[in-house]
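Each structure below appears as structure tokens.
What follows is chain A paired twice: with chain B in the first complex and chain C in the second.
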Partner chain A sequence: MTLERNILLAFLAGAALLPFAVTDQYILHLAIMALFYAVLASSLNLVVGYVGEFSLGHTAFLGTGAYTAALLSTQAGMPMWVTIPLAGLVSAVFGFAIGAITLRLQGPYFVIVTLSFAEVLRIVANNWIAVTNGPMGLAGVGQNLFGDVAVTDKAGFFLIVLGIAAVALYFSYRFVYSNAGRAAVAVRENRYVAQSIGVDPFGTAMQAFVLGAFLAGLAGGFYAHYISFVGPEVFRFAFMATMIIMVLLGGKGTLIGPLAGAVIVTVLEEYLREVQELRLTLFGLIVMAIVLFLPNGLMGFIALRREQQAAKPTLNAAKERTV
Partner chain B sequence: MTATTQPTAEPTADRQPLLRADDLTMTFGGITAVKDFSFHIEPGEIVGLIGPNGAGKTTCFNMLTGFYAPSNGRVRFKGQDITNRKPHAIARLGLVRSFQKTNVMKRLTVFENVLTGHYMASRQSLLATFFPGEAVRRAEREARESAAAIVETMGLAQRMNAPAHLLSCGELRLLEVAVALAAKPSLLMLDEPAAGLNSHEAGTFGAVLKTLIGRSIDALLIVEHNMDLVMSVSDRIVVLNFGRKLAEGRPAEIIENRQVAEAYLGKAAA
Partner chain C sequence: MTLLSESPSPSAIAQAADAPVLAVEGLHVAYGSTAALHGVSLDVRAGETVALIGANGAGKSTILRAISGLLKARSGTIVWNGKAIANLPADRIVAAGIAHCPEERHVWPNMTVQENIALGAYLCRSREEVQRRIGMAFHRFPRLRERSRQMAGTLSGGEQQMLAIARALMSEPRLLMLDEPSLGLSPKMADEVFDVVRSVNGHGVTVLLVEQNIHNALGVASRAYVVKTGRITASRPSAELRGDPDLLRAYLGG
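Moving on to the complex of A and B:
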């Protein structure tokens, strides 16, 4: 718990120095996308890793956040410090409404229904032309942070997304290591035991789900301003697939896992650009390999090695004593 | 061993029983698992619920704790009607159970299991979850101390940081009781807690159970097939057979009861 906290703090501190050390715009763009995905993956992980239900509809919250921020910016001219938190709140409200329906289901039923919610929202975004401008999307989303102060360079956007990542990790950390987080793990591990010690499975899952929706909404709001354009494709399955790969690769049910997964996958995606269409095939193979050989992801693998390392010295010590 | 509390046959008008079940009936399709079953538990009592396999003991547990909704009948706990309430709501009133098929959180350590069991004592507002103050930190510290103490009481101190899936069958049963105790129940209900324990372990376990009454819990309902254990710890025994109450009384009376012997062993040859 303290180790995990220290690693997260070290990561954030190290990341804060990056824009001062690196001026290459391309690398900064990669770093921004990595942190954006880190927020998304962390938010998905709250549902997948701690409640233990596999949501395929997490893009619903990313897209809701992105459209909220884009509408507030293009229609009302609001700056980022207003639109991004509001994007999170609107997504949280959507999370509450969708969770109230889907969290009554478990297993494959939950997977299918969450997926369909994201799909419904995509169709709405595509067809409600009066508000969303349909397939044309909302272009020209403003890039001003406060009033007229505009963010003009990548370094500025990097610091903003770093701030959002810090908020996301803080909330996740507090939740996971609280009584409520333990209750969520109890529901994941054994629903019957959870109920017998007074945990309401539905209410507990709802807390994690709404928190995940809130954080995904923040990420969506940031995305709208950074790319300066939002179209119905934010609801598409491609984002979902990327998030899933990150959470699985890094290790679900840990805080560092999704972060590591986001960084690795973002970098890999860029490297694999050369192989073009083969890229998705390779990602498919990677996911299969992880599910088969590292079911708990990289963090699970490292934790296992640490346990084995810890077990060895005591064995050696026992041997020495007998000599 | 002599019982410390005098068993009472019927609840008296002025004193309310801790738990009172009236005419509990449970049907699954055409099968009646439990029929018109009434009983009660007084504060300070250890009640044993026994009966041959399939008598309806576990069904009865599930009805009392809200995991099944009874087809008929009422359950009252501490004077409140708890029939048809949700399991977690019943647990929050202080009625906590264990399960027949061992149910623990396998991937967590022994300590984490018991710490998780403190959920109700450590409940806090959402705001306090994200911005914890001194009160939350104190509650957390107390929960951790209490968890360590409970692990010790149940004799699992050496396994404190072992993942639950590495525990032996006997240790798992003890851990299950430890998790239930962590929820600070008023009435603890154990479903075959000694299954998988050898006779020595069962003896120790029985002694531990008796020390709990008055200290950690107000009363105990125990379903058990280990007759030595159930006879030695119980103040009163209720016998179920084919979903109906067959007999009720002190352990010595039950041992003498012909009908009970027949239910377990069949009729003697004429």
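Moving on to the complex of A and C:
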């Protein structure tokens, strides 16, 4: 628990120094995308890792956040410090509404219904031309932070997304180590026993789901301003696939896992650009390898090694005693 | 004269003690379209230990699950302390003082013993109170204190059963429902578990017990209900059933 917290704090502190050490715009862009994905993966992890259900519709919240921020900015000229939190809140409201329906379902039913919600929102974004401008999307999303103060360079955006990542990790940490977080793990591990000690599975799942939606909405709001364009693609499955790989690779049900997964996959994706056509194939192979050899992701693997290390001395001690 | 009217009459006290603390009336439960209980009625008085006995699949566990709100009742009433609790959500029923210790000694294997126990007091919001109850649990189950930092999955079967009971007691229930506490345990370990049940009952907790091992069940309970294919077919004091193997065989169809 404290180790996890210290690693997260060290990561954020180290990341905060990056824009002062690196001026290469391309590397800063990669770092921004890595943190953006870290927020998304952490938010998906709240659902996959703590509710224990596989959501394929998490892009619904990313897209809702992105469109909210884009509309507030282009229509009302609001600055980022207003639009991004509002993007999170609107997504949280959507999360509550969608959760109220989907969290009553389990297993494949949950997967399919969440997926269809994302698809419905994509179709709405594509066809409600009066508001969303349809497939043309919303271009020219403003880049001002407060009033007229505009963010003009990558370093500025990096610090903003770092702030959002810090918020996301803080909320996730508070949730995981709260009563609700422990209850969520209890439900995930054994729903029946959790109910027998008085846990309301629906209520705890709802808390994780709404928090996940809120964080994905923040990420979406940031994305809208950073790219300065939002189209129906934000609801596409490509984002979903990337998020899933990150959470699975890093290790679901841990706080550091999605973060590590986001950094690794973002960097890998850039390297694999050379073999553009094979990219998805390679990702498919990576996912298969993870499921087969690292079912609990990198963090699960590390935890296992630590346990083995810890078990060794006691084994030796036992041997000495018998000699 | 005024003094007399203020203090309850002895007969009123006797009546209160005699009135069932839990009364189930005409309970029907179905899994999908398959009926599992066909109008079960039973009652449990404060401080009693009552056993439900019967063959596999007779519906004993279903009765407990319906009482604790894990299953919905199709019809019928469940009254606890004068309040109707049928079809309340499970967490409200735990809060009302009924703890259910499910069968197969489900513990959370990847949490420590202490974490398992602490989660039992999930509905208790005061940290000091939870600490006090953990202290009591370890006092009652010294062996669990020795293993408090161990993963629950590494405990022996008997220890896991003790842990499940300790966890159920963390909500400080007035009714403890135990589902097959001796399942898969050695006879010695089962005896230990039933000693615990007796001592819990001795501290004033009413116990409703489902048990396949009839001798264990009748050894700890004062009364037993015989459950057969979703119905209660008999209700007798344990001593009477124990003393008459023919009667038992007739009821259980063994």
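To be clear about the criterion, the second predicted complex is superposed on the first by the 319 of 323 C-alpha atoms of A that agree within 3 Å, B and C clash if a C-alpha of one lies under 4 Å from a C-alpha of the other, contacts with A are read in each partner's own complex, and residues count from 1 in each chain.
Following the convention adopted for this analysis, a residue touches a chain if its C-beta (ideal position, glycine included) is under 8 Å from a C-beta of that chain, and two chains touch if they have at least 3 such contacts.
Since the model is a prediction, treat every value here as computed from it, not as a measurement.
With chain A as the common reference for superposition, the partners chain B and chain C occupy clashing space.
By the touch criterion defined above, A:Gln207 lies against chain B but remains apart from chain C after alignment on the C-alpha atoms of chain A. Put chain B and chain C next to each other and count what each touches on chain A; the higher total goes to B. Residue contacts after overlaying the shared chain place A:Val151 against neither chain B nor chain C.
In the superposition on chain A, A:Phe175 contacts chain B only, with no contact to chain C.
Applying the stated contact rule after C-alpha superposition, one finds that A:Leu86 touches neither chain B nor chain C. When the two complexes are overlaid on their common chain A, residue A:Ile197 makes contact with chain B and with chain C alike. On chain A, the surface patch touched by chain B in one complex and by chain C in the other comprises residues 179, 182-183, 185-186, 189-190, 192-193, 195-200. Within the complex formed with chain A, the residues of chain C that make contact are 68-70, 89-91, 94-95, 99-102, 106-111, 115, 119-120, 122-123, 167-168, 170-171. By the touch criterion given at the top, residues 170-171, 174-175, 178-180, 182-183, 185-186, 189-190, 192-201, 207 of chain A touch chain B in their complex.
On the chain A side of its complex with chain C, the touching residues are 179, 182-183, 185-186, 189-190, 192-193, 195-200.
Interface of chain B with chain A (complex): residues 65, 67, 86-89, 91-92, 96-99, 103-108, 112, 115-120, 122-124, 126, 129-132, 136, 139-140, 143, 179-180, 182-183.
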